[in-house]
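Supplied in structure tokens, the structure appears directly below.
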Amino acid sequence: MWNIILRRIMIMIPQIFLLSLLVFLMAKAMPGDALTGLLDPSIDPKALDEQRERLGLNNPWYVQYWDWIRNAAQGDFGQSFRFKMPVMDLIGQRISNTFWLAFATLVFTYLIAIPLGIISGRYNDTWSDRLITGYTYLGFAAPLFIFALVMLWIFGFHFGLFPTGGSVAPGLTPGTFSYVASKFYHLLLPALSMALIATVSTVQYLRSEIIDIKHKEFVLTARAKGASESRVYNKHILRNSLLPIAAFFGYEITGLIGGTIIIESIFSYPGMGQLFLNSISLRDFSVVTALVLIFGIATILGSLLSDIILGLVDPRIRIK
Amino acid sequence: ACSEKEAATPTPSTNTGDTKTEEKPANEEGVYSIDDFNNVKTNEGTAIEGGSITFGLVSDTAFEGTLNYNFYSGDPDVQVLGWFDEGLLTWDKDYVYTNDGAATYETSEDGKTFTLTIRDNVNWHDGKPVTAEDLQFAYEVIGNKAYDGPRYDSNFTSVVGMDEYHAGKAKTISGIKVLSEKQISITYKESTPSLLTGGVWTYPLAKHIFGDMDVAKMSSSKEVRETPIGFGPFKVETITPGESVTFVKNEDYWRGAPKLDKVTLKVINPTTVVQELKSGGVDLVDAFPTDQYKDNADMSNVEFLGAIDRAYTYIGFKLGTWDEANGKVVTNPDAKMADKNLRKAMWMAVDNDQVGKRFYNGLRWNATTLIPPSHPEFHDSNNPGVAYDPEAAKALLDEAGYKLDGEFRTNPDGSPLEINFVSMTGGDTAEPLARYYVQSWAAIGLKVNLEMVEFNSFYDRVGNTGKDDPNIDVYQAAWGVGIDVDPAGLYGRDALYNFSRFSSEKNDELLAKGVSAEAFDVEKRKEIYNEWQQYMVDEVPVFPTLYRAVVAPVNKRVMNYAIGDGTGIYLNDLAVNADKPVVAE
Amino acid sequence: MSKANDVVITSQKIDKSPSSLSILWRELVRDKVALISLIFLGLVLVLVYGTALVLDQDEIVKVDLFALYEPPSAQYWLGTDYGGRDVFGQLVIGTRNSLSIAFLVTLMTGFLGILIGVLSGYFGGVIDNIFMRIVDFFMVLPFMMIVIAFVTAVPKYNITSFSLIMTAFLWMGIARLIRSKALQERELEYVKASKTLGSSHLKIMLSQVLPNLSSIIIVTMTLNLAANIGLESGLSFLGFGFPESTPSLGTLVSYARNPQTLESRWWIWLPASVLILVLMLSINNVGQALKRATDARQRRG
Amino acid sequence: MNTELLEVRNLTTSFRIEDDYYAAVDHVNLTVKKNEVLAIVGESGSGKSAFAFSIMGLHNKAKIDGQILYKGQDIANISPTKLNKLRGKEMGMIFQDPLSALNPLMVIGEQIDEILTLHQPKLSSREKKDKVINLLNQVGIPRPEQIYKQYPHELSGGMRQRVVIAIAIANKPELLIADEPTTALDVTIQLQILELIRDLKNEINAGIILITHDLGVVAEMADRVAVMYAGEIVEIADIYTLMTNAKHPYTRSLLNSIPTITEEKSKLHVIQGIVPSLKNLPRKGCRFKARIPWINDSAHEENPQMHEIAPGHFVRCTCYQHFHFPDQAEEE
Amino acid sequence: MMALLEVEGLKIHFPIRGGLIKREIGNIKAVDDVSFSIEQGQTYGLVGESGSGKTTTGRAVIGLNHVTAGRILFNGKDLAKERRKDRQLQRDVQMIFQDPYSSLNPKKRVIDIIAEPLRNYERLTAAEEKRQVRDLLEKVGLSPESIYKYPHEFSGGQRQRIGIARAIALKPKLIIADEPVSALDVSVQAQVLNFMQEIQKELNLTYLFISHDLGIIRHMCDQIGIMYKGRYVEQGTTDDIFENPQHIYTKRLIAAIPDMDPTKRDEMNAFRQMVKSEYENSYRNFFDEEGLAYSLKSISDTHRVALPQKG
């Protein structure tokens, strides 16, 4: 087990290195740079050139890369050109928003997926199963952005039940109850919108997993032991079918990353996804590269987490 | 020369505000005119004591949070800054410095030295007086090599001794002298009328706070980002980075304590602005998305204010290249677009009047010259520009030798003529508008290929870095215009941003005259600029397409509010006549 | 030996025994929902590609200053947009563009994925290890971000580069799937048999292993097609998909980000949204039916 | 009569295939006595497992008709709660594939423990653990303390099969159904498992239904044998009679087709054709007819019935009287 | 007469990888110093419990496994070395697989399956190829019309015949049959076994017959080798092994075969008890410290047994 984790971590290192290289070269390839937006006829272009020089933008790419990665390794992603502050501080401001959004989404996802998946798998071919399957069927086909837009419109605008932007009401003091409540209130609609779509595959997976396991021979063994239906489900079927779901936990994180970009953009929620889109259009490369790298690392950690979870819960893997 | 929002800044071809009014739309339904708007809110009822308002900063991005005039770079930050800080000088509606600001000024005989005297009761929010040294300090910081903001521009380089200071050869700036605690003089290398219109940097930097700080660290310091300080009517209370700021009144404000107790500023997405306004979630916004105006013109709980924006959209023709070594425009007489008849015909071919009415409901309108009506003194309203007349355009082309060969015209030498047109993406109308131009040109027989390019690539290729993309013949862009009317930064021979790369002796001469000593006489200056405007209409290196309006809805309960420059209404007067915003029916 | 000759003549007729493709087809036709979906898809394809031949694209994207935001009428079946352009025409072209790119990306990812999947699954060992490390690497990239970043980074951005970018970051799923199937397949004795019978690796891969993966390939590609439509429209919606001026379903939906359009000009965005939904549903229906058909356990009856 | 543990009357188990029900077990009548091994033999697909599952009530979608009298009580139509009281306590089952019969996520001890918990809730966990260890010992698992904590995949096939047996016998059931308990195993291990089952029978006096297709195993183990073909019992007899005096052509074919180590090398007997699939079963007439092409059609009864041709020896269809087993004629 | 196949000191080791970087940390000695030879036209049986290395040995002969050490001589030529180059060698050794379901590609028609080797080694016209396939089908007792059918349309026994047809298409000399009937029902088993014997006579084939069913081995084979943990424990003619087993492992194996005569149950039980106690008592004499068999010693012309060096 430890071997596996260690090996996985060892594989991660070149992965992260490659990722950083890719990210960096990509940023270099983008047209324009942080100073492009600064078109001001009264500024001498020479002054801008001086700035470029000072920012190292005129060095050969590998020198720039080396500088960048060396600092990045120490957690220093440089300055955001646009926000005039260290990228890490900037991300620090946003990361908690995205973190809580993602966290709430995950919680909702599982809160929805597990009961629905169980009902639908256990009582398959009943009306409740058909209802749930109907939902997953539609949800599977509905693109997140359309669904989120509709949710925003209905609950945000039309009924005005939820805020339609921001992460917290202005003027509240961090740490107070009303601040936390307001934060929660702001992320409720985006998180729910994302969860309702994201949960679909989990529900489907859980359902088919349960149906699958229902027919496994060890379930027959349990029945032959005289275990009641509920015991058969709770002790044998659910344990086995929740296992892959637990293992997917890490990968869910990967899925969330794409989702947060769309969701944050639609709900004007100031998180890392929104920061990413803004920074892309403003060519704030230090932020873009840092974000991609961080999200990439999050994905890598997510898959590592999945492997670890799987290893922890599945004895067949643990043994190795 | 510029300050605050005076710099000519590229404006994405759409967005930004325009205007309307409740009263009579023009002859056609859904078409409005800037003339029908007021820029000052009509007061109703009587103001209550105190009260608070919410100001919506309409933006789909967060504000950067560089909350100091000496460091900020984005427009959203200015919207925040305006509430709690200000410059020492104010200007009138013609953008000439006045003496009703926090300081008064005098010009020396030769017009090169400015002496500013700060009023005694002007104090920072922490109670310390705003001093001459604070202003000097601002110059020293911005002129420092390590300074990382975008302010080091002609406002500074034209100060005597600044070059030496910037290069590190001098410890102090010889042209700046602190005469007393509240008095300072600044000497410029040359006297130009531009100095009077925003050419002097008047934003002090609190030396007692920033004095010991490393210049390179200032812009990201806590004192800029988290606990910003100013001497404006309100004080910053809390900041949620990128999202919102709350202000409380500055009892010690030099014009007198503000009427309002509290102001909340929050960023609202353009998509939710209507909702917020209707529900009273915000009382006012900086600018209302023009494209939403038509559908909301009759919003019952607000009054829409309107003003002419200091900006215009234009179409440019690539006539040369940039010589990087010498920092000069090199005009190429053999360029594809070198024939001014061709250019003029292209101007004639487009019906900007209809474009303004249809796409912008009249909130953008046909532009005539390169000095927009936001500068009423210098905009030549008698110059009609070039009128829409496709038939005349065809005739002109025929005459110039661009013969029709089938559907499209050829060059005079018979070779096929294909014009590459590049326009920026962004906003709903960008693409149809560009396409409309292409259609219009096709209608007079010109084959124009359209390429839509995103902002950054656009400026990269148009010549932002001096490397012009030779495949671009025509482009559409926009400029925000500085407070100073001098167009040399955009059309001068040594201006990198002269993207058309047009140059001529006549042009050089006119631009030089516009800032010469004789131009201190406003009438004379007008004359010079009228001539320049006509010259550009004749030469058509670029042609303006649209002027634009800003519209700002204001909740009916708000009193003493105005948009635009030189209104004489200040934020400390701002008041409300009711506790709660009026809500739309 | 002597009687063999008559035999040659006598049994020339080909016994029709169901090939796997015909099983797929049969199952598909048997499933009513899938059949209706298939017919619907067929109609959409014919309409979209057929009318695109008839419709003049230039005419449709022609800006008409005097017909902005027209509601649906006899002249404009689905009204016009902010450029006075016929929404119906744009819907047709947009659907064609979205479908084309989805097809293109599906085929390209399919090709790449199958190639890599089969190679690494069939050979296993070091080759597999190398390919799988590459796959692992691509798998951990945050897809949306990387694609958006690439879309902005590419200098000559057009439909080709867009589909190449999508492909570059989407081939891993199918590669993994094919690999795992190929790994299973190569353990089956028929592959070993082929080896002992002197067939080359290439021949075994192409003519023995691949045909056995055909149903899974068809199913996956069908489901991928739906997913790709979703991805394309999502990216276009965010403004990082099709180059502007190329109508696509996502672009049409993105107009709904203007609240006025969302609220009062439904004809611009609603048809596209519904079409996306219905297209995804139908393709999924077909895909699921195919999946059931290939999965004997789930096969109906 | 009071030794009859299980009496199956007219048991018919039907599966739904495309909207129709097809009987996989067709009107089967059987009895099992205490301390008796009843073997059921037949080719793959003849309905042996379907029969066993019916008795244990393990089919969830099949239609079951007829009566299954366990100690006189009809367990075919009994409430799940009552059934659960019997299953695992009085009736145990050993499954064919020992790997899939064990829950991969539970340690061996837990899985045996569960059946004790279910039927002897009063036991303390200490006592249960002791019992489990005992059971493991009893089925011949070395190092039971260690195996207790191991997972199924960590054990060899023979060990797993022992665990499955330990579960089945944990509560000393009176009826034990073993569905091909040794098919997956090597001969030496098969022998050990068979010995184990035999010892158990002696120890707990259980009635055992042993399902297999290996006549060698039958010969070693069974007291009585039922031969099943296409869902029907075609012959029942005690083991001696069956091995020496089998009547039904199917039984005889089966017996003749195995190479044995004692026989001389000669051609083996071949049964033509294959067991028809459920859908294609001939529902009229002798079901085996199609596979003995050389016998005269008229020899078969219209609807063959079971005939008791000697006490305890039942044969379906009297065709055997016309059935010669000419080795020379079998090919053709 | 020279043996057709001669295996000398065959060793096949599989690496066990482990640790952080999957180093090789040991190996499985799947086949460990095995030697035997088969004469033309004979059937050689390889028996042993699961995992004893039977399949591995068979595969090595046909070239599916690499060989760690030792030689495999076919007609005097080293198979391992020359198989790659020598097309004739490749044709001469063919294989019949265990699982009649997975060894035929389900996507291929019978003609494609049987013609595969022909296509690889012979350039035939389509008509010629078809004729040959029909001949082969006839030879294995399937109707020639079946050439356009798919494998799933055949029963297990028939499929195994298709597999045999494919194996004999190139007129090989040696056929390796790895548990050719263990996946089949008893009744079908008989069919295939009978057929294998017929075709052997007809084509003068040599079989390497792998099975763990001693009944079948006895029925089919002339010579038998018994494997245990990768080594030989005993080798001899069928009679040597069944009538006169010398190694205790062989004895035990034979004793474990179920007896078809129910009347002898008690007798058998006693016998098995005896064998078992003999096994336990003399285990040390027959296996080394690692529990592996010693190398073979001849006890007669045909009969060789693994006994300790001295004993």
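Letters A, B, C, D and E name the chains as they come in the text, with residue numbers starting at 1 for each one.
By our rule, contacts are C-beta pairs under 8 Å (C-beta built on N, C-alpha and C of every residue); 3 or more make two chains touch, one makes a residue touch a chain.
Which protein is which chain? UniProt says A, C = ABC transporter permease; D, E = ABC transporter ATP-binding protein.
Small disclaimer: the values here were computed from a predicted structure and weren't measured.
Novice: Quickly list, by label, the chains bordering both chain A (ABC transporter permease) and chain E.
Specialist: Common contact partners of chain A (ABC transporter permease) and chain E, which must touch each of the two, are C, D.
Novice: Of all chains present, which has the mean Cα position farthest from that of chain D?
Specialist: Ranked by distance of C-alpha centres from chain D, the top chain is B.
Novice: Looking at contacts between chains, which pair has the highest count of C-beta pairs?
Specialist: A-B
Novice: At what distance in angstrom does the C-alpha mean of chain E lie from that of chain D?
Specialist: Distance between chain centres, rounded to whole Å: 32 Å.
Novice: Rounded to a whole Å, what is the gap between the Cα centroids of chain A (ABC transporter permease) and chain D?
Specialist: Whole-Å distance between the two chain centres: 54.
Novice: Where the centres are mean C-alpha positions, what is the separation of chain A (ABC transporter permease) from chain B, in Å?
Specialist: 39
Novice: Counting in whole Å, what is the centre-to-centre distance of chain B and chain E, each centre being its mean C-alpha position?
Specialist: Distance between chain centres: 90 Å.
Novice: Chain B: which residues touch two or more other chains?
Specialist: Residues 271-272, 275, 454, 456-457.
Novice: If we count contacts the way the header does, which residues on chain D are in touch with chain A (ABC transporter permease) in the complex?
Specialist: Listed in rising order, the residues are 53, 56-58, 80-81, 83-89, 91-93, 95, 97, 100-105, 107, 111, 114-115, 118-119, 151, 153-154, 164, 167-168.
Novice: If you look only at chain A (ABC transporter permease), which of its residues touch chain C (ABC transporter permease) in the complex?
Specialist: Residues 11, 15, 18-19, 22-23, 26-27, 29-31, 137-138, 140-146, 149, 153, 157, 254, 257-258, 261-262, 265-266, 276-277, 280-281, 288, 291-292, 295-296, 298-300, 303 of chain A (ABC transporter permease) touch chain C (ABC transporter permease) in their complex.
Novice: Which residues of chain A (ABC transporter permease) touch chain D in the complex?
Specialist: 216-218, 220-229, 231, 235-236, 239-240, 243, 313-316, 319
Novice: What part of chain D is in contact with chain E in the complex they form?
Specialist: Against chain E, chain D makes touches at 43-44, 157, 186-191, 194, 213-217, 219-220, 222, 239-240, 243, 253-254, 257-263, 265, 267-271, 273-275.
Novice: Sort out for me which residues of chain C (ABC transporter permease) touch chain A (ABC transporter permease) in the complex.
Specialist: Going by the criterion above, the answer is residues 133, 136-137, 139-146, 148-150, 152-155, 226, 230, 233-234, 237-238, 250, 253, 256-257, 259, 262-263, 273, 276-277, 280-281, 284.
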